[in-house]
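This structure is in structure tokens; I'll ask about it shortly.
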């Protein structure tokens, strides 16, 4: 697959080259400057946790990576493919990037299995049988195979979110983006989803997660990135970030988050 | 209801057509005009009562009368035995020639030829009755709401011939001079005034009035005004249509 | 006898337009009052009340307005109730509009979040202040676009009052067309007049709709 | 009032009334199908980035929504022949019903599409599906479900509107009734009867719609 | 006011009598048994935190107290008034019980001030001037007086929830019920609402709170009640409850809640 997407290769496509590179990215919503000169590079297999106050641009950042938002200036490269607004580059990138949303966004009129087979069949042109076999494998993986023939509305939030993860995995992406995957869940369901994500991380998946689950960050993140006002203000490994946040805004943010726990 | 009731009410309420020039129509000043209106005004004058017109459409003439909304219909009512079961007709006071009109080149010489064409008529009109009766089985008959739509259908080619009354040809030839002609004559049909069944005295009053205007030349004057010709001979009886309450 | 379409005829059509507006206004006011009652009955806790109004709505939404006018106008006459034409027509249109507006407003009331009812009840508010102060102002605002849409339908629907002898716009058009024998021209003008009357309303309706959509999107 | 109701003429005419019902249902069905096609196509065109196309759709919708059906059907029947397109009354009626219903359907379906959570579309795009695929496979069905009541309500209205098609001599229930009335002069009986028949037709259609909806929208929602 | 509501007094109306008494309460939703033989008595000034897994009946329990739900069997008495479905008893109880919902449920078409004055004017028949004076006092109290003339949509979630608290307080209730008042809020806003609730608790208000904010429970609760499957399984002071939960379901619940914090 990747070989079809090499029409705008910028960097040597080697195994140690970064998987995602954002350079001087600026994003505006009308007059609002949502991302300011963002630079970020994600290695293969790296797990990144993105945090920061509401409105700081976390969602915007990860949505730019698979071109759900267009940027004003700067460059974004995913696995050697430069995102340049062309349909071909967008297609190439999207089929390598899986995304999981806060509100699951499962398709309500399709069963769990249909949710998982739709994209492989329509985008990759895989046969029904092959798509279903893959789907079952990943549903197994998120421990929800027995609900394959139910509709999303018949599942709990935690189960839905695990299906959403399986659906993204069925495209066998190189990187997974998570946008607050547990914040719409009841407290008891948070754990089952986090467990799934932890096991995914253990298997070596490259991940970029927006989340406020600090336990998760401690457990799996290689790097915690703190954003505010559309800028990356601090990056560090979790231990140092939680122990000694250097930026005052990061300190006060951590204070608020942890105060009532 | 008798003459006395109407006199005590102080006005004569007449059901009339509101959109069927030149028989009965409301002019652009909102005033009721036409042949029937003039006849009704003569009747009011004879009774010494002011006339109030209630414009009706073809479909609600009879309901307006039988529910008592009007005292009498001067509403271009063709006299048929079926209608005579619902209302009481007076003696005839007008005649109407029912004909078939088509473009000059249209090949219609006998009623049987109608089968090859779409024929338009105004629904429930005398033409409708005549065409329906004469046309061979299987003829396409299209029934429109009124004369204007029927004529428009002929002009725009949606039908090739129309069942018409004596006024159609001049209308059609006004928009396309010399293009249309009389193809077939169906019937001469008579119009009478309508009252509710069983109102003996009221029916007699109306008949007396019609006799009077026939005799004193008033009817001829009205005829000249609206049709440009003299009234024909009127029959003294029609099959299945009593002119008086028995 | 025959005339051509001129200023006099246009004036006559505009006379008809006045009746159209008046009829629609009567129907709208009558339907507004009746519709409120119907809507409240539909969301009430009384099952018979809900059933009866439900049947009433089904009847009036399931038959052509033309038939409703005819049956009420002449049906009342047949029952011996001789009303002036405009009263009969006003009754028919009021009944018609009450059914439609009642249904529109019921939908709006039910579309409100359940929390609004509960918060009002939890504050101890009784039925009348709960409806008057909390529920109806919100429901009517949601329902405004649909209400305006129905008003446009109603204006167009008054054309059917012609069958009971009203000379409103459509009927005036028919009359002029029968005098000028130019139905195409006449009905184009009639269409344009209806459009001139209805379009501003429609525009206003969709503007409000947009505003509500933007407000609820937040 | 000196008038007694006599339904015997209606009973005699029952077969032709029932044929009229079938004709009305046929007109309505064809009109609805056309309306649905126009509706979906119109929504797609309305969302295109071609300015003139959007303008055309908006203009069409406004024109239809703000003029009476009678004027529209007259126009099609009497004006089209002037540009060489003479359609028979039934075809004209279907076309008029389709265009009229289509204009309303565009607005309704558009509302349904807008009611779909933007996240659904984004999820589809993020999976690599194209815009058209997202519309067909993800948006359309839930959107139709969301607006199903208003769409079917509009279709019932369309069925009742078809009674106006008698004005261009199309064959349907009202024209049959008017024919019987002009033969028998039994206006009340005829109008009472067809009022009942229209009620039966709309009830039948509503039942059909809800059966269809239970079949087609068979997935649970919260 | 209470004197008008004594038509069904069951217990001596003394200052040390419990304010709320639930005896053998059973509630069904159709065939679903939502509350099973619930017994609960709340003293004047007591602060109770109710917790338990989703669907355990916490909301149902507090909604029964002010008759937003009707019960199948059992007795509920509030300040000596027995709730017996009669309009009089319901009115009497509702005007003594304030309630705050998860979704605020402010009236969007009224300003903050109008939200607060509506019920006192319509229910208690207070004059506009008096109602506004009271409203301003309580808006002051929740530190939001400067927004009195704004509409709810112009406020943040935390501000809206504080208005909702003030609105309930304006009826000068004897007890306040809270149903997950912070769970619809962004993390940074949780604190401002909890602070308001803490200060209310300090002033001696009787409170029954459904919440998963364990910090809050530790700080103010006199008693923590754990529910599951419509039953009260455990009651204890916060320290013992968090240290040594006795019931196994409470233990696993606490484990899940605290795991990722």
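Side notes on the structure shown:
The first chain written gets the first letter, and so on, giving A, B, C, D and E; residue counts start at 1 in each chain.
Simple rule for what comes next: a residue touches a chain if its C-beta (ideal position, glycine included) is under 8 Å from a C-beta of that chain, and two chains touch if they have at least 3 such contacts.
Going by UniProt, the chains are A, E = Amino acid ABC transporter ATP-binding protein; C, D = Amino acid ABC transporter permease.
A quick note: this is a predicted structure, and the numbers were derived from the prediction, not measured.
Under the contact definition stated at the top, the chains bordering both chain B and chain E are C. Of all the chains, the one whose CA centre sits at the greatest distance from that of chain E is B. Across C-E and B-C, it is B-C that has more C-beta pairs touching. Look at where the CA atoms of chain D average out and do the same for chain E: the two points lie 52 Å apart.
Work out the mean CA point of chain C and of chain D, and you get 20 Å between them. Computed from the mean C-alpha positions, the centre of chain A lies at a distance of 39 Å from the centre of chain E. Shared contact sites, meaning residues of chain D that touch two or more other chains, fall at 1, 3, 74, 78-79, 187-188.
Along chain C, residues 74, 77-78, 183-184 each make contact with two or more other chains.
Counting partner chains per residue, chain E has no residue touching two or more of them.
All chain pairs that count as touching, in label order, are A-D, A-E, B-C, B-D, C-D, C-E. Contact residues of chain A toward chain E in the complex are 53-54, 186-191, 194, 212-216, 256-257, 259-261. Residues 18-22, 25-30, 54-57, 59-60, 63-64, 67-69, 145-149, 151-152, 171, 174-175, 226 of chain B are the ones that touch chain C when the two sit in their complex. Residues 1, 3, 5, 62-63, 65-72, 74-75, 78-79, 114, 153, 156, 160-161, 163-164, 174, 187-188, 191-192, 194-195, 198-199, 202-203, 206 of chain D are the ones touching chain C in the complex.
Contacts from chain C toward chain B in the complex involve residues 1-3, 8-9, 11-12, 15, 74, 77-78, 82, 85, 162-165, 167, 171, 174-179, 181, 183-184.
By the touch criterion stated above, chain D contacts chain B in their complex at residues 1-3, 74, 77-79, 81-82, 86, 89, 166-169, 175, 178-179, 181-188.
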